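Please read the structure below before turning to the comments.
All chains are identified by letter, namely A, B, C and D, in their written order; residue positions are counted from 1 within each chain.
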Amino acid sequence: MKQPGSVQQTLRHTALGLSDERAVEMYKTMMLARRFDERGQLLQRAGKVNFHISGITQEPSQVAMGFAMDLKNDWFLPYYRDYGFVLSLGMTVKDLMLSVFAKGEDPNSAGRQMPGHFGSKRLRIVTGSSPVTTQVPHATGLALAAKMRGEPSVAIVTFGEGSSNQGDFHEGCNFAGVHQLPVIFVCENNQYAISMPLAKQTRGRICDRALGYGFPGIRVDGNDPLEVYRVVKEARDRAIAGEGPTLIEIMTYRVTAHSTSDNDMAYRTKEEVDLHRGKDSLPVFKKYLEEAGLWSDDQETKLQADIRAMIDEANEYAEKAPFQSTDDAFRYVYAEQSGEEL
Amino acid sequence: MKQPGSVQQTLRHTALGLSDERAVEMYKTMMLARRFDERGQLLQRAGKVNFHISGITQEPSQVAMGFAMDLKNDWFLPYYRDYGFVLSLGMTVKDLMLSVFAKGEDPNSAGRQMPGHFGSKRLRIVTGSSPVTTQVPHATGLALAAKMRGEPSVAIVTFGEGSSNQGDFHEGCNFAGVHQLPVIFVCENNQYAISMPLAKQTRGRICDRALGYGFPGIRVDGNDPLEVYRVVKEARDRAIAGEGPTLIEIMTYRVTAHSTSDNDMAYRTKEEVDLHRGKDSLPVFKKYLEEAGLWSDDQETKLQADIRAMIDEANEYAEKAPFQSTDDAFRYVYAEQSGEEL
Amino acid sequence: MPVIEYIDAIRLAMKEEMERDNDVFVLGEDVGLKGGVFGTTKGLQLQFGEQRALDAPLAESAIAGVAIGAAMAGMKPIAEMQYSDFMFPATNQIISEAAKIRYRSNNDWDCPIVIRAPIGGGVFGGLYHSQCPESVFFGTPGLKIVAPATAYDAKGLLKAAIRDPDPVIFFENKKCYRLISDEVPDEDYIVPIGKANVMREGSDITVIGYSMPLHFAMQAAEDLSQEHGIEAHILDLRTIQPLDREGILEAVSKTGKVLIIHEDNKTGGIGAEVAAIIAEELLYDLDAPIRRLCGPDVPAMPINPPGEKHFLLNKEKVKAAMLELARY
Amino acid sequence: MPVIEYIDAIRLAMKEEMERDNDVFVLGEDVGLKGGVFGTTKGLQLQFGEQRALDAPLAESAIAGVAIGAAMAGMKPIAEMQYSDFMFPATNQIISEAAKIRYRSNNDWDCPIVIRAPIGGGVFGGLYHSQCPESVFFGTPGLKIVAPATAYDAKGLLKAAIRDPDPVIFFENKKCYRLISDEVPDEDYIVPIGKANVMREGSDITVIGYSMPLHFAMQAAEDLSQEHGIEAHILDLRTIQPLDREGILEAVSKTGKVLIIHEDNKTGGIGAEVAAIIAEELLYDLDAPIRRLCGPDVPAMPINPPGEKHFLLNKEKVKAAMLELARY
């Protein structure tokens, strides 16, 4: 890393084709995700909401993913910890707050689903469910549609390492491999699936599975968002060039309990968690921007204030917003206008 | 290969620890499977039975598998083409004929299931079904039981390369990998799944999938039964030593149509089939035995006569045998004596 | 009007819909060059290319799941399950995903897929090539389920299913494929989902069913009419979810005596719901207990011929039940 | 007799059976150190070691399939599905395998597994942590299905299920876990599979159900007795497959008016079969149409509190239906 102002060397983000503005934007989005996530935890602890699930320390790589994609054309299939990812795709804190409070205006599900179950057709974020890994074949299907229609769209789907042991992972990857579809499979390997450490989920490396499907598998350090950006961007380029899928395993760590319903001290130690919390790449990325001369203390102060205001406002709005009316609670089991008349 | 009587070099089967008698027995079993299979086809063509499914040219490796296992302790989960395999495990031609004719005395299912759906508790052949690949997690479960009970049992399960794309393959392998269970997963890659060539089933190599589960994956030439024997035996030794599962991919080719209900000329050429039929390892293995001084024309003549007689007898017996009575047709939905009284 | 086979009606429905709408495509095992193991997709790959008659790896959860993904992208996939017995690996994708996509997203997303799956026995298919899995999917809100008995309905319902904005399971009966032929117009038409059909008018007893067994009832009805002057009113449900409540109640009202028939096993089958609806709405109009004649409660039918025959409904069994009811 | 919670009854049943029989073991996600996400397996790993309280990779088809394999080797596995909503990936293993192993092998093989799965809503679990999947598995011959409402039955039925030589699905209600406590003897006992239980004697109306909603009916019955002198006869099915036909018919005969309740959605639910059985056997003993009060026919319940409440049964809704029936 270099001193502020020194520009003798090309900066990493510049070398990756990221403008200074975009690099800064990445940082802001990471921080927004972090603060939103923290607020979610607080709200649950305060008894304002029933449940929160956290992506803390996974956000830098999530945001990097989003920044590597084409928001106009691509398809996004995030999983429940992906606040950083969906915020980088255009979802707002207000949207997320409405979801946390399960309010009618929530664009994800009108407060029908749990928080973390994202979906917005406008943002090309595909509606998700709770049974893990079902989204993997969906991503393959979206990529198949893109290929059939000749559209420049890539589908990117995320899931945990525990979830990668479901049959749907295998079937979805293999199908995409056969048909060389434009899809990126991203495993956010945070080394726990609720209480179960990686070693109890699998004895192999997730990234190595790609070999059996005939496409590249890459492991990347989740604490290096610029490297994540690079790898995802390359995968996207390959996909667009018709070179097929890529499996990316992002190595990270779940520093919170699985969710607010979980007590992780029943199955791991505080020391282990603290060790990993210490590797948080958010301050590291901030430092990188500072050293690149792109970020200052003043900017930081302002950012924190802005974020705080935004979250407060969203929080307040969402808390006051109405639930979906019970008149509407059972609507949309089927289309209200049947296609038969078409 | 050597001249009859010349023993300067150690013979391959001897080096593998196979006695001359066992090597000859292997050949006899292969030939029995072949002739049974041919009879099955004839019976179907003659309209005596509705259906036959063939394992022709896959038998040499199937028999090699059986010979590498411990019939007293191991568990066997064959798939529908495994006549050679089950014959090497103690199933008789009469048993198979009773199954082909769907007669009540059929030990596999009393004529309830299609032929090729093997099962015999006595022979430790685990009852199978038609939905492919469900047997893979079962094998893992049998291996788990062996490990829990400290029994010296290894489970060996076979399936086609098409079937290896089912989620159950992935889930069953991965579970076995995590718990380092004594199980051998054998893919009989005959390069077609009904009409679909390998390239439409997967872009990877099946054997490479083992890497992602953290255990060895080995590809072996199905036309070299002694090599198949060696590989399976090694896998068994590893399993018994507590070193966990092995995935074996046997490269072979389906020379018949998928079944008697299929017309393979709709999707492949006669030339392609003939090319592979020419690689049939049954005559090659015979030649090997002859050159080793273990087999003669006279023995061959006698073998063919014996097999002919055995099959004729079984055929006649099975044809005349009664179907399961309709009184019994609906028995055994549940245990007839409930365990609640235990 | 040309008389065509049930299987051709299915094939033609797909062909015509694929001609009509570029977003329609079919995927499944062996649907390409081979044209499906029964021949339902024969010729489609030749006409529409490899992508629109897409051979899928042997993995039903992916066939359903990929179809769902493509549908969410705006395509209109027809996912073929080679046998309905083999659709269970796709249950999670069908029940947790397809059925709930519209509801869970508050109408933001939809999932217009068709899942075709051949049901029924009588083809010496044994335990796993003969099953009727209706009861597994019936009762899952968000799914529509149709099960035609005639070539006319097969074509019209499949077209309706393809054009429907929601997931539709299309249970085609493999015994009907070549056994059932009837008049099918050349012109485009649909059979609306959710509407039952009176196959025969009568005033003595009502028979309600769907798929293959209705043909036994029709034959039995002719016999009973000639032999005993008993006139059966026969209702083909056609759509088994959502059920046509009005159609059912009207048909029962006609006679006050009802026999429900299906090949799926009795307990927990569609017939239970039909009976429950009648018991809820028309109890005082009934002149006899509600009877069901269905597959026996065993895991599936044996392959051996006497066992298979013992399991299956046929004209005689249905006739006996109809006569008994008429005489009640 | 000690009063214990429903969840402890489940835990104790496993603990005691594991002590009694070395072949019994439990496998599932997080069943080890964590003791399950609800705590049903708490302490088992400590007592019995890692193998007999086995953390399984996140793959339900394998959890079921491996359990089936182990059962065929003579073990007595208890496979835990973390939520019943997540058992659908295991459908093929349950329906195609577990249910058919004995039948397809003509009694040569058997499959004595228990599949435990928590059902039901009211815990702000939203669409996928609240479902009642009974109707998916109901109607599959070869499976037994139990769904206890009380701690006593939970313990006794789970023990019976573990000792049963056939596959049993054990649907435990997550709302009951800590809400329901009752007397459970210290001594070993089982509750026989296949026998319903009269929870309350009465002569005016019969309520038939299973699992959590019965508690609403019991509360409502007390109110109705005090407020209107209406005495409800309440039958807990306990086993939903095979249904206790005699128990059902006897309970209906007592009053001639029947209300069936369950949380699973109405169409295609267990209630349909219960109604069909009654309509088949007791039509002329009925003094009112057979009523069902069930979950609405929507994919699943919303997480937002008014939506969840709107979906779920409660004492008031059940009471209103009982009163209406009594006054019919």
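Methods note: a contact is a pair of C-beta atoms (placed from the backbone, for glycine too) under 8 Å apart; a residue touches a chain by one contact, two chains touch by 3 or more.
From a predicted model like this one, the values you see are computed outputs, not experimental measurements.
J.: Using only Cα atoms to place each chain's centre, name the chain farthest from chain D.
T.: Centroid comparison gives B as the farthest chain from chain D.
J.: When I count C-beta pairs in contact, which pair ends up with more: B-C or B-D?
T.: B-D is joined by more C-beta pairs in contact.
J.: Distance from the CA centroid of chain B to that of chain C, rounded to the nearest Å?
T.: Taking the mean C-alpha position of each chain, the two centres sit 37 Å apart.
J.: If you average the CA atoms of chain A and of chain C, how many Å lie between those two points?
T.: Chain centroid spacing, chain A to chain C, equals 41 Å.
J.: Where the CA atoms of chain A average out and where those of chain B average out, how many Å apart are those spots?
T.: Going by mean C-alpha positions, chain A sits 46 Å from chain B.
J.: Touching two or more other chains, which residues of chain B qualify?
T.: Residues 112-113, 117, 129, 131, 165-168, 170-171, 174, 178, 200-202, 324, 333 of chain B touch two or more partner chains.
J.: Going by the contact rule already set, what residues in chain C reach two or more other chains?
T.: If we look for residues of chain C contacting two or more partner chains, we find 57, 59, 61-62, 85, 88-89, 92, 96, 100, 103-104, 127-128, 141-142, 297-299.
J.: Give the list of chain C residues in touch with chain D in this complex.
T.: Touch list, chain C to chain D: 61, 85, 88-89, 91-92, 95-96, 99-100, 103-104, 127-128, 135-142, 241-243, 264-265, 267-273, 275-276, 278-281, 283-284, 286, 288-292, 297-300.
J.: Residue numbers of chain D touching chain A in their complex, please.
T.: 29-30, 32-35, 37, 55, 57-62, 85-86, 88-89, 124-129, 296-299, 302-307, 310-311
J.: Tell me, which parts of chain B touch chain A in their complex?
T.: 165-171, 174, 177-178, 180, 199-206, 208-209, 211-215
J.: Can you list the chain B residues touching chain D in their complex?
T.: Residues 75, 107-110, 112-113, 117, 119-121, 126-127, 129, 131, 134, 136-148, 155, 167-168, 170-172, 174-175, 178-179, 324, 331-340, 342.
J.: Applying the document's contact rule, which stretches of chain B touch chain C when the two form their complex?
T.: Touching chain C: residues 50-51, 102-104, 111-114, 117, 129-132, 162-163, 165-168, 193-196, 200-202, 261-262, 266-267, 323-326, 329-330, 333 of chain B.
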